[in-house]
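Below, subunit A partners subunit B and then partners subunit C, in two separate complexes.
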Partner chain A sequence: MNHTVKRKIGAKTWNEWSWGWFLIAPTMIGLIVLNFIPIIQTAYLSFFKSGDFGRGNIYIGWENYRKLIHDPQVWHAVGNTLLYTLLVVPVSIAIAMLVAVLLNGKLAGRSLYRTIYFIPMVAAPAAVTMVWRWMYNQHYGLINHGLSKLGLPAVNWTTDPQVAMLSIAVIGIWSVIGYNMVLLLAGLQEIPKDFYEASDIDGASRVRQFFVITLPLVSPTLFFVVVTTIIQAMQVFDVIYMMIDVSNPAYDHTVSLVYLFYNNSFKYSNKGYGSAVVMVLLALIMIITFFQMRAQKKWVNYM
Partner chain B sequence: MAKHKYFNRILAHLVLLLGAAAMILPFVWMVLTSFKSVTESTSMNPFIFFPKTWRAENYLEVWRQNNFLVLYWNTFAMMALRVLCAVMFSAMAAYAFARLRFPGRNFFFSLVLFQMMVPTQIFIIPQYLMVDALGMRNTIFALLFPGLVSAFGTFLLRQFFMGLPKELEEAAKIDGCNIGQTFARIMLPLVRSGLVALGIFTALFSFKDLMWPMIVNTSSDAATLSSALAKIQSAFAVDYPELMAASVLAIWPMLLIYILFQRQFIEGIATSGGKL
Partner chain C sequence: MRFFVQLTNGQKKEMFRKKQPFRYRPPSPTIGDAADAAHPKWKLGVIQLKKKSLATVLSILLAAVTLTACGNGNGNGNSNTSASPSAAPTDAAAATQAAGGEKAELTYAIWDSNQEKGIRTIADEFESQNPDIKVNIEVTGWSDYWTMLEAGATGGSLPDVFWMHSNEIYRYANNGMLLDLTDRIGKSEDVKLENYPEGLNQIYNLGGKQYAVPKDFDTIGLWYNKTLFDQAGVKYPDESWTWDDLHSAAKALTKDGVYGFLAPMHNQEGYYNFVYQNGGTIITADKKSGYDDPKTIEALDYYVSFVRDGLSPEVYGDAERADLLKNGKAAMGLFGSWNLSGFTENEFMAKNFDVAVLPKKAAQASIYNGLGNAVDAKTKHPEEAWKFVEYLSSKTGQERQAELGVAISAYKGAADKWVDSNKTFNIKAFVDMVSYGVIRPYSNTTAVWEDKAYEALKPAFSGKVSVEEAARNAAKVMNESLAEEK
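== the complex of A and B ==
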């Protein structure tokens, strides 16, 4: 009797186990084949010099990494990627926060504004970069025309090495504001209204309310937005690829790690070196993630 | 006091209107330029904002030189298949991770989390080599390939499943449902908002993806709208009216879908952010 009960529980457990394995099987097999084996393979490839399309690989040990350290372009790419991130993350989040705070009240046309600010997010970066490139055009561009109306000199937005990264960052900021705003607005709406009413009675100014109530209470959402924006920015490719070709004089000042990875792996077909470049990106993102996790404990308030 | 409030409101509208104009201006400029002749678009004195005659030639020309119907189909097929796979497989795995107990659950879930932390470019060379080895370059399958499963989707939907009350499953069990039936008939309909959010997310990001289609589908009959634009840009380099016409042709479908389903879009993005 006792024995059969045990067997019955065993069958039930076994049933749950098999359902569990069955349900996760497609995803896990997919992740292993599409992601985990590729991580190992990319790391492995980074020790090879590869000919066309991965055929004829020659083992060269740490040579790719030695070459990488002495390759000025890699250092440019690291610097450019970090600079782009440093420009896009604070500016886009500050603007998104401002818009979100303004939209959090009972403002007329609130959902229309929200819809409009999100539009850049649904357009393909390839198309968006093309129109920006056209607006940035040195001779016929809308922006330089505007400057000349104000009596200012024309700027070589896309070819001047000192300016090109700024032009690219503007596109990056413009594209991501809506996305960050929607996330922040959702976070703001979680804050109980009584907090503001109480501080209204205390006579706190709007600015003070923002720093004392809004910012601490929205910090979990803000943290999420900061993390995702940093990771997205570190992987910048589309905008730079569409705007700056290899012959552009500003190339060295704008090439990002992912763009460099793409050029080496698929334009010059040296997948070994490309793999080494992308390993640098992985290392950088891991380091940044580590610091973010530590910072999270310091300034994020979970209610 | 009331006057002060009124002033604040005006100021808020001013700031927001300025921002909204900046958000829309590039699109307006794209459309205006696409109807101009090259001479009009490069005329500086006088500077021409509105085309004198709204000429459709640029559209006809890019339509003639590129097979847009094929591009629409490729892009749509890629998006639809990726959404289908991501939603289906992620929902299955997410339910198991959220509600079932089985050996290896924590280990496998940590793999899901780990995948989300790694930059996607690290997978690209091996994925390309796999597609190449299968002889599947320049196919719809190649476009779908990296999106067959979704760690992000698994994580996201797991959060949704965890938010459902436990009693539902117990009731289903008493009614004689097995685990598969409980999942498919009871639990799945309850996370509909999660499925919609994941679907929108997946569709949007596959539509915007540039590098993968560019690498794996090099033939122009197998390109997507994004990767075709990159090609068109290098071919038409200076003819901006035609480039803008091509851009308009590439972005209008997604823009239209967004305008029609804006509530779902924005709520989908907002909830997915809130759940992570």
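== the complex of A and C ==
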């Protein structure tokens, strides 16, 4: 670096630099204003007992964190958030991968299928959840109606503490498949056809081709999909918020960290505590992402 | 590429709208034109960089970036965005005012879209009498309303005139967000506090200062399915009904997949009413929990017994509750007067249902509450805003509100006109209950302890713990929460 500075910088270099900065400026400004500053503010706020309307915050040190450790709901929320992630990520990516491979082949009406799979992503989560709520309805929902036709007992999809998280995970999986599928599909299209042709000549089966050619070559995209899906799943909020009230018996078994943050910050006007809750989520996501970055060399195969 | 950008947003809460993982995905690994993507150099951009330290920094970055979706709600960023819709008209109005000295534009924020039409009519009448004032009505749904208002209060851009509620008045009044109306009421010809129910005045009175004028009130009625009653040969409920009548009727009506009564996990439209009918209390005068009062526990036990005995389904959500009634799955249910327009529009309800006063035990009781019209302390048009509130609160305004069927007007005698506004149901029952109505229990942090109590009482509804134990837990958490109150 010093070496560069000592030398006279040519007009061309300057020009290149300024262009470079100019081109990344929109993203940088966006990141700083919308992301970095709020993160710092949130971290800062988590050390305060917040006053009403952003005034009269009182510094209380680690008090919010101390309270948090003894709050059983926070631990419920951590467990629920991780469980949700564990339910959604593997299943949704496996299905997305399968669909992407199928759609990557020669198939009549391919673009139609792609669109169909993508539609859940386009729909507003709130609207999607409303529809699912109808289907899950205990008394006259479509699913329980179907069960009764088959002579099976009705299930309390949204109020049974043992079942509610599964119901929510199903919505989560259903919503994210299309998005992951399109990403993976694009990754699949990067793979040169020669590999498949060569392996065809060698007599490899389709399944073997998938594991030996497709999977290793799509791994960079897959890695990206895994990382973002995990982060997205950790932030689950709207589906739970729409389906589960505080008065719902399944609340303790479904409340996520973001929901808890929302309730504390906005419903109970305790922004300091809400910020502390969300810092836990930040720490969790950071730890998980860090390990994923470390693990990437083990399985991600950059061509 | 555009394709994706459109798809990632659309989250329900505003603070989540920025969730776009694409922002930090520099060389698009996937989509885009084939030539670009086929280039061997793309490899998920930054992530592939070899240096360990850099990877670590980036992992933190990645995590941090996505997290802001949550974090941002705390800072001012969110506040400003959500406040802008309400702020804009005010600023525009101020600008016109300054420039030409012409019309003063007022923003009137409300949360019930059912009332919008009627209120618009009243506002038009006000405008025709005051040609120099223009009123813009803004409707925001209940929960977003408070987020919007909080953002407005934080950013100093509240609507000029807006609805207030017993759950929230303390925070707003205590922090100087509301214009003190005491002197203006004192000087006013049209607004005299003795014309409104004392309980409602008290909600909006802090330290002897009046911060809002009661607009309307609501009570809870017993809705019943006449057809099901006829089929079962049960007499319709009336003011002579006791708890025993309710229980035996529920028993007679429970058959063929129909539940006799709805005992949902709900306070205002549920067990609060029974608690006060039994002489119990939810919050005492010295701001202690009443959940451990034996009378309260007795009432809760009676209420939960409907679920225990299979006379009521276990029901938790608000929408589910009304749907059970609308689909003929439940014969009776407690619902507030604000449901009236929705129930009238429902053909099944209009045809089969009617409403009666609540049954009694030790006493008659129905939880009642009322909104108030408040004015922003920092409004640019305090005089015009007060003029509007004065009109809304005057005999004329209140009677118009009743006639138009907007809400049960708070003004003495105006409620009778409201009774005539709906011929479908016997809505006189709602007005009859005011004489023994109990104001919905509240303190400075109602929203907090109400939820804590819900959490504690839930296991009793699902039969996991005894009602007594749940009630004692509720009292404990509620008292802890009240102790933290300023």
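Note that in this section the second predicted complex is superposed on the first by the 268 of 303 C-alpha atoms of A that agree within 3 Å, B and C clash if a C-alpha of one lies under 4 Å from a C-alpha of the other, contacts with A are read in each partner's own complex, and residues count from 1 in each chain.
Here is the rule we go by: a contact is a pair of C-beta atoms (placed from the backbone, for glycine too) under 8 Å apart; a residue touches a chain by one contact, two chains touch by 3 or more.
Note that this is a predicted model, so its numbers are computed, not measured.
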Side-by-side fit of subunit B and subunit C on subunit A, or clash: clash
Partner chain in contact with A:Gln292 - subunit B first, subunit C second, else both or neither: second
Touching partner for A:Phe237 - first (subunit B), second (subunit C), both, neither: both
Touching partner for A:Leu147 - first (subunit B), second (subunit C), both, neither: neither
Subunit B versus subunit C as contact partner of A:Pro249, first or second or both or neither: second
Which superposed partner A:Thr159 touches (first subunit B, second subunit C, both, neither): second
Which superposed partner A:Val258 touches (first subunit B, second subunit C, both, neither): both
Partner chain(s) touched by A:Trp174 [first = subunit B, second = subunit C, both, neither]: first
Subunit B versus subunit C as contact partner of A:Leu102, first or second or both or neither: first
Subunit B versus subunit C as contact partner of A:Val78, first or second or both or neither: neither
Colliding region between subunit C and subunit B, picked from 22-30, 94-102, 130-138 or 166-174 after the shared-chain fit: 130-138
Overlap of the subunit B and subunit C footprints on subunit A, listed as residue numbers: 27, 30-31, 33-39, 41-42, 45, 53-54, 118, 121-126, 137, 139-140, 179, 182-183, 186-187, 221, 224, 228, 231, 235, 237-238, 241-242, 245, 258, 261-262, 265-266, 271, 274-275, 278, 281-282, 285-286, 289
Residue ranges of subunit B touching subunit A (in the complex, touch as defined): 8-9, 12-13, 15-16, 19-20, 22-24, 26-27, 29-30, 33, 41-42, 44, 47, 89-90, 92-93, 95-97, 100-105, 108, 111-112, 115, 117-130, 132, 145-146, 148-151, 154, 178-180, 183, 204, 207-208, 210-211, 215, 225-227, 229-230, 233-234, 240, 243-244, 246-248, 250-251, 254-255, 257-259, 262, 265-266, 269-271, 273-274, 276
Parts of subunit A lying in touch with subunit B, wherever the complex brings them together: 15-17, 19-21, 23-24, 26-28, 30-39, 41-42, 45, 53-54, 95, 98-99, 102-103, 105, 107-109, 113-128, 130-132, 134-135, 137, 139-140, 142, 145, 174, 177-179, 182-183, 185-187, 206, 221, 224-225, 228, 231, 234-235, 237-238, 241-242, 245, 258, 261-262, 265-266, 271, 274-275, 278-279, 281-282, 285-286, 289
Subunit A contact footprint on subunit C (complex, rising order): 4, 6-8, 10-13, 16, 18-19, 21, 23-25, 29-31, 34, 37-38, 40, 43-44, 47-48, 55-56, 58-60, 62-77, 79, 146-147, 150, 153-154, 171, 174-175, 177, 265-266, 313-314, 316-320, 323-324, 327, 329, 445, 447-448, 451, 454-455, 458-459, 461-462
Residues of subunit A touching subunit C in the complex: 27, 30-31, 33-39, 41-42, 45, 52-55, 118, 121-126, 133, 137-140, 156, 158-159, 179, 182-183, 186-187, 189-190, 220-221, 223-224, 227-228, 231-232, 235, 237-238, 241-242, 245-249, 251-252, 258, 261-263, 265-271, 274-275, 278, 281-282, 285-286, 288-290, 292-294, 296, 302-303
